[in-house]
Amino acid sequence: MNTAPLLAVDGLGKAFDGLVANRDISFVIHHGEIVGLIGPNGAGKTTLFNCLAGFHTPTTGRIAFEGRDVTGSTPEAAAALGIARTFQIVRVFQSMTALENVMVGAMLRNKRVAEARDRAEEELAFVGLSHRADTPASDLTVSEQKRLEVARALATEPKLILLDEVMAGLNPTEVREASALVHRIHQRGIASIIVEHVMEGIMPIAHRMLVLDYGAKIADGTPAEIAENPAVIAAYLGE
Amino acid sequence: EDEIRIGVIYPLTGAAASTGVELKAAAELAAAIVNKEIPAPPGLVAGIGLPHLNGAKIKLIFGDHQGNPQVGATEAERLITSEKVVALTGAYFSNVTATASQVAERYGVPFLNGESSSASLTQRKFKWFFRTTPHDDLFVGNFFTFLGDMEKKTGDKLRSVALFNENTLWGNETTKLQVKLAEEQKFTIAEKILYPAKTTQMTSEVQRIKAAAPAVIMQSSYLGDAILSMKTYKELGFSPKMLLANDAGFNDSEFLKTMGKDGEFVISREVWALDQAERNPLIKQVNDLMHQRTGVNFNGNSARAFTGIAVLADALDRAGSTKPDAIREALQKTDIPASGLIMPWKGVKFDANGQNELGQGIIVQVQGGQYVTVWPFDVATKPVVYPMPAWDGR
Amino acid sequence: MTADIFIQVLVSGLLIGLIYALVAVGLTLIFGVMDIVNFAHGEFLMLGMYASFWAFALFAIDPIVALPLTALLLFAVGVIVYQTVIRRILKAPMLSQIFATFGLMILLRGLAQFFWKPDHRLIPHSLVSGNIALGPVQFGLPQFVAALGAVGVTGALWMFLHRTRLGTALEATAIDREAATLMGIDGQKMFALAWGIGAACAGLAGGLIATFFPIFPEVGSNFILIAFVVVVLGGFGSVTGAFLAGIIVGLIEVLGGFLIGPEYKTAIVLSLLLVVLLVRPRGLLGKA
Amino acid sequence: MLQVRNIQSSYRRVPAIRDVSLTLNRGEIVALVGGNGNGKSTTLRAVAGLNALDGGSVLLKGQDISSVSAHERVKRGLVLVPEGRRLFPRLTVEQNLMLGGFTTSDAAKREETLQFAYDTFTVLGERRKQQAGTLSGGEQQMLAMCRGLMSQPDLLMLDEPSWGVAPKLVTRIFETIQLIRRRGITVLLVEQNVHRALEIADRGYVIQTGRVVMEGSGQDLLGNDEVRQAYLGM
Amino acid sequence: MTTGTTLSRKAPISRKAMGTGALLALAAVLPLAITEPSQQNFLILILMGAQMGVAWNIVGGYAGQVSLGHAVFYGIGAYTSTMLLTTLGLTPWIGALAGGLLAALFALAMGWPCFRLKGHYFAMATIAVAEIMQILVTNSDFLEGAVGLYLPMDRGGWGWLIFLSKLPYYYIILGLLVLTVLVSWAIERSHIGYYFRAIKDEPEAARALGVSLTRYKLIALSVSAFLTAMGGSFYAQKEMFIDPGSVFAGTISIKIALIAILGGVGRLTGPVLGAVILITIEEYSRTLFGSTGSGTDMIIYAAMIILVAVFSPSGVLGLLGDLRRHLPGAKPAAVKTEKMEVRP
């Protein structure tokens, strides 16, 4: 079938006048894979997401999506290609209902309002927010808003979804629900990269983990390998 | 029917409100005279009242156009259709007069304009539009005749002229005429400047003129910019031989009050001057009435506003009816001699376009805190002070 | 153009530019602290000018001498405006805030006309009348003093904002009002203070400008567009930016008017603004 | 120290907390735990005076402060370190700390606390001239807590101090909370990291859909089956 | 989703449609009852204001891009149709379309750079563009500069859209308003409307969902510009004289925005209501108090504006919504809070 990896990042670097947020990062993501992305605060995880989703133009390096060079493309082009994302600090459309939020996502593939609505209802059900469909997004709790962002991203029918700290602020039970959601996304054949500080949420489901520190990749391996990796322990996990 | 309603449209708020309020006071004085609330000096055209209408009273209904042509039209329409005025007058700003008189034209109501000077207004072939004041064609022509006369008188060359006009309708039309006449009469235009009237500084303008070093500046300014430009001349130590102003700001009652001594020696075209009372006693007598009522003297604008109402009242009386057609016919037949006016005109008589053919301009100069007539030489009360003394030589 | 004229043009531009900066600092301060564009700022200036005029006409106090009074009076006006109108629209959307300050602008003009008539007035002679001639370069003493005032006021304002506890508290309120409340800072007081100071700056500007500019109810409209340009060019909320931008705008306006044509001087300044915004979408020194 | 009696509060007429009562004794660490959106932050905000009360009352050191404005409560010793830190990002570390001490007139005391902060968190001392927005998440949280300390509080409320902080630093945060208590300051702690919070807490409250449904000592709650199931995922 | 909720979602629309129909019918017969020309003129002014407000709302309300320079489009519309009429003798039917197209093109050209700016910076840039345009037109000999243009008075009738009676003007502007409302309604209901609101709320998030900010903002601005220019052409036909000061003036830009804000931004009928209120205040404060020359009309006008801003910051529609929510028996489910816009 398709031999090219879903996403191939090669030597990616990003600097903000002087401050290097990402340096020489290379990795690949395969179709349907769940990859955890961890690292201390300010390690450059969100910046990496921004580069992948077209919000930042990398200073160096290349990004290939399904074998095509997409370095420096715009966010809207990235979305059209099939890269969806959520935001670390939620950005729901405040004046719209939950359903309408998701409809905006669904309209990427189908501009018909009625059909977008049907699609959006499915995605809301998928993340378990059907009962909140007609609630103004601004009235949802933060964790509901995070889930709403996931539904909205899924509605764009992505091949890869970038989830930025969707489990932050959840209690352990809620974390488990979130993990289950990620797993169901995986079952739909969508690859995901998940930035998370909540190890209990990510370790059990990730196929692979990438670790960043000071903008550089310091480890890439299975969760078990990572947990043992002395560099990761020193930089991030502690104890 | 003992009350005849006349619509009067002026800028009563906004940037030109101070002028509008002045015009309003003059119009009210004229109405009071027509209504015989105030005894009028004999001979004054408005003084006889409306005997042919059984001594009916006129009532002025004012509208505020705020300097906005659309509002002017709206007010005209309101005055005609809901206030049922029999005639309109106003509106000072030429562009507002343009729209307001269009409304009057459509409704077939006489519009008597007393103080807008844009030449184009009476080139529209309107049936219902009449204008008592002379327009810019005449005024600008006067400038050049005056300069020619001055050259003859002094032997000095005054051929290098800077045009310094504000950048709305009035300044623009004036500039065009000045350019045309300058070419025809072999004057050179050393500098031509159109500046935005609402300005915070005029240094670049004055710098340019100063650099061009003309003998004469011809300037058209409203009050604020007139004051500002004078301050800037002084600040930059610039005095041409002659500053020839085009009425408006330079003749506003406020101008001398605010400029004081710094306003001396400015020469300006005018339609009215108090010193003309030497030749026409009415001028002083009516001005006294004005002064009693409002505490200020007439100026060119308010005298014209007064005259507008007076001429309209005269026509109303001769019409003996408030029917539009009758009033229009009476206006067309208007023939008021100079002796019935407070203006230094030969009289009032309208041509086919509704323009008063007998109007004429004078030129005044500020001398000793007064506007004195200096041209035409035969009606002058004082000789021109020429050249204008430099700022440090005063 | 000879060197003399060139220098003269530069000097004139610099002086008027500093005056623009003076008008603009108060506006930028209010914006910086509250995110509100005050359309009535020109009318604060107008009130400052009238305050000077009446001090002169009624009590024969020179505008320069009356400056502290004018500032104090306008400070009070600013606080009153804040307490009666602005306080109630803090949470309103940007558009209604524009709406409110726009209404305020018309209201103040109307009141000025009502109480003081639409006449143009002038302070015929002040302590600082007259001219200075430096070789071939001439300029008005009032303009020079106003320019000095601009430097002084901007400097003082900068020191206040960056070097005092109260100033930092004001800045903190600007960044995050609720967080500032958690520091024990009374946001309402800070906002009132910002309006007070902003209006007082306009008052000082009015007092200084009254020495050479005619005074009438609509005078604010002559300055407001340029003040906005200066504020935007400098970056909304930046006092230093407004200072720089004022000078730039003054120089460009006078120079552009001289070289290209006075009818285009405003257009030149506005075009400059657009070009700068294209390169720096937050003005010269605007905060993110 | 603090008594919260049956308070209610709402957002746009939708109630967020319906009936919350808490008691804190001097020098205690009290944890307030509960699921997402159950009203923990709203409780803290209501106590701090940021959200209006629909009912109930708040007593600080025996005085009813229900109608006292938020900034005044800071002066009286009640300080909240809010959710998401809310630093002043374009001000320096030092300016942030100085603003924390805005209400303290006692300069010596201010200086002492500042020294404590710089000693305990050397990184803050090293970066006192750096803009707060450029610190890492963990450092920002440290700064936020120190800024709270600068107002010389009697009672410090911390809303999710471990939120978005790398695991390595989480331990550090909880150590700091204990350090704060040792300075004689009472602490009301809201945490999603229920396990760690209850470990260091003297007592704890569980809040559910805006009501306190359970209370007990930290150890009791940790051992409670319902709590284990609902919040500890066991 | 159950049928019940689907029905309840549709119900208000048909009720709205009925209300709109009734309103339209009322508007159509109104001038038969109000026959005095100056009163009819007053109605026309309201409709003109409403039309401009609805047009502005597309970009300023739905898409949240606050333009304070809409006079530039108004002026382009007025000048284009007038120039075509006076120089080429082209009927304003075509002239207005041409003006609309030119304004839309201008919007594209101006939006391209300006849309890089956010919030107040964008608003200021639009003011700057409009002012520059006014200055250029004022100094253009080709367009007769400050002198302005007269429309020929010797023509009349439906071919030239010049009439003696007020009635035809009334129905033309009513038609234009209906057209403008229909366009906005179609936008509101289509994906474009959703995209506009998304852009207004969270532009970055919208981009992540594949929404091209530039494209949709440009669509919003050019559609709005097109409709605003048609309004400008109408102005020229009605007043028969235009000059830069009356169609390119900054005060027109402000008034257009005020109308929309007053009624309630981002709602279909907000600007219509806004126009009714604002024009009424404007006209009556002037006719009742303007003739005194003491500024009283301005004071009253301004006081009303401030009162509305203070007591009903989300526009009069917002206020009505609030009142309805307070009424007993109002279902909380029907409550839909709409934020007007996001602060930059």
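Order of writing sets the chain letters: A, B, C, D and E. Residues in each chain are counted from 1.
In this text, contacts are C-beta pairs under 8 Å (C-beta built on N, C-alpha and C of every residue); 3 or more make two chains touch, one makes a residue touch a chain.
The structure displayed is predicted, hence computed values, not measured ones.
**Q** According to the touch definition, list the chains common to the neighbour sets of chain D and chain E.
**A** A, C
**Q** What chains do chain A and chain B have as common neighbours?
**A** Both chain A and chain B are touched by E, going by the contact rule given at the top.
**Q** Where centres are the averaged C-alpha coordinates, which chain has the largest centre distance to chain A?
**A** B
**Q** Approximately how many whole Å separate the CA-defined centres of chain A and chain C?
**A** Each chain's C-alpha centroid was found; their separation is 48 Å.
**Q** Nearest whole angstrom, what separates the Cα centre of chain C from the Cα centre of chain E?
**A** Distance between chain centres: 32 Å.
**Q** Report, in whole Å, the distance between the mean C-alpha point of chain C and the mean C-alpha point of chain D.
**A** Centres of chain C and chain D (C-alpha means) sit 43 Å apart.
**Q** From the C-alpha centre of chain A to that of chain E, how far is it in Å?
**A** Result: the chain centres lie 42 Å from each other.
**Q** Among the residues of chain E, which are close enough to touch at least two other chains?
**A** 135, 138-139, 293, 295, 297-298, 337, 339
**Q** Pull out every residue in chain C that's touching 2 or more other chains.
**A** Each of 110, 113, 118, 217, 263, 266 in chain C touches at least two other chains.
**Q** Using the touch definition from the top, which residues of chain A touch two or more other chains?
**A** Correct list: 139.
**Q** Hey, which residues of chain B end up touching chain C in the complex?
**A** Where chain B meets chain C, its residues are 13-15, 17-18, 20-21, 167, 193-196, 198-205, 207-208, 211, 223-224, 227-228, 231, 234-237, 252, 254, 258-260.
**Q** Touching chain C in the complex: which residues of chain E?
**A** Residues 60, 66, 68, 113, 116-121, 123-125, 127-129, 131-132, 135-136, 138-139, 250, 254, 257-258, 261-262, 265, 293-299, 301-306, 308-311, 313-315, 339-341, 343-344 of chain E touch chain C in their complex.
**Q** With touch defined as at the start, can you tell me which chain D residues reach chain A in the complex?
**A** 11-12, 14, 33-37, 134-140, 160, 163-169, 171, 192, 194-195, 229-234
**Q** Which positions of chain B touch chain E when the two form their complex?
**A** For chain B paired with chain E, touching residues are 10, 12-13, 17, 20-21, 24, 61-64, 66, 68-71, 73-75, 77-78, 80-82, 95, 98-99, 102, 105-107, 118, 120, 124, 167-169, 171-173, 194, 196.
**Q** For chain A, which residues are in contact with chain E within the complex?
**A** 53, 55, 74-76, 79-80, 84-85, 87, 91-97, 100, 103-105, 107-108, 111-113, 116, 121, 133-134, 136, 138-139, 149, 152-153, 156
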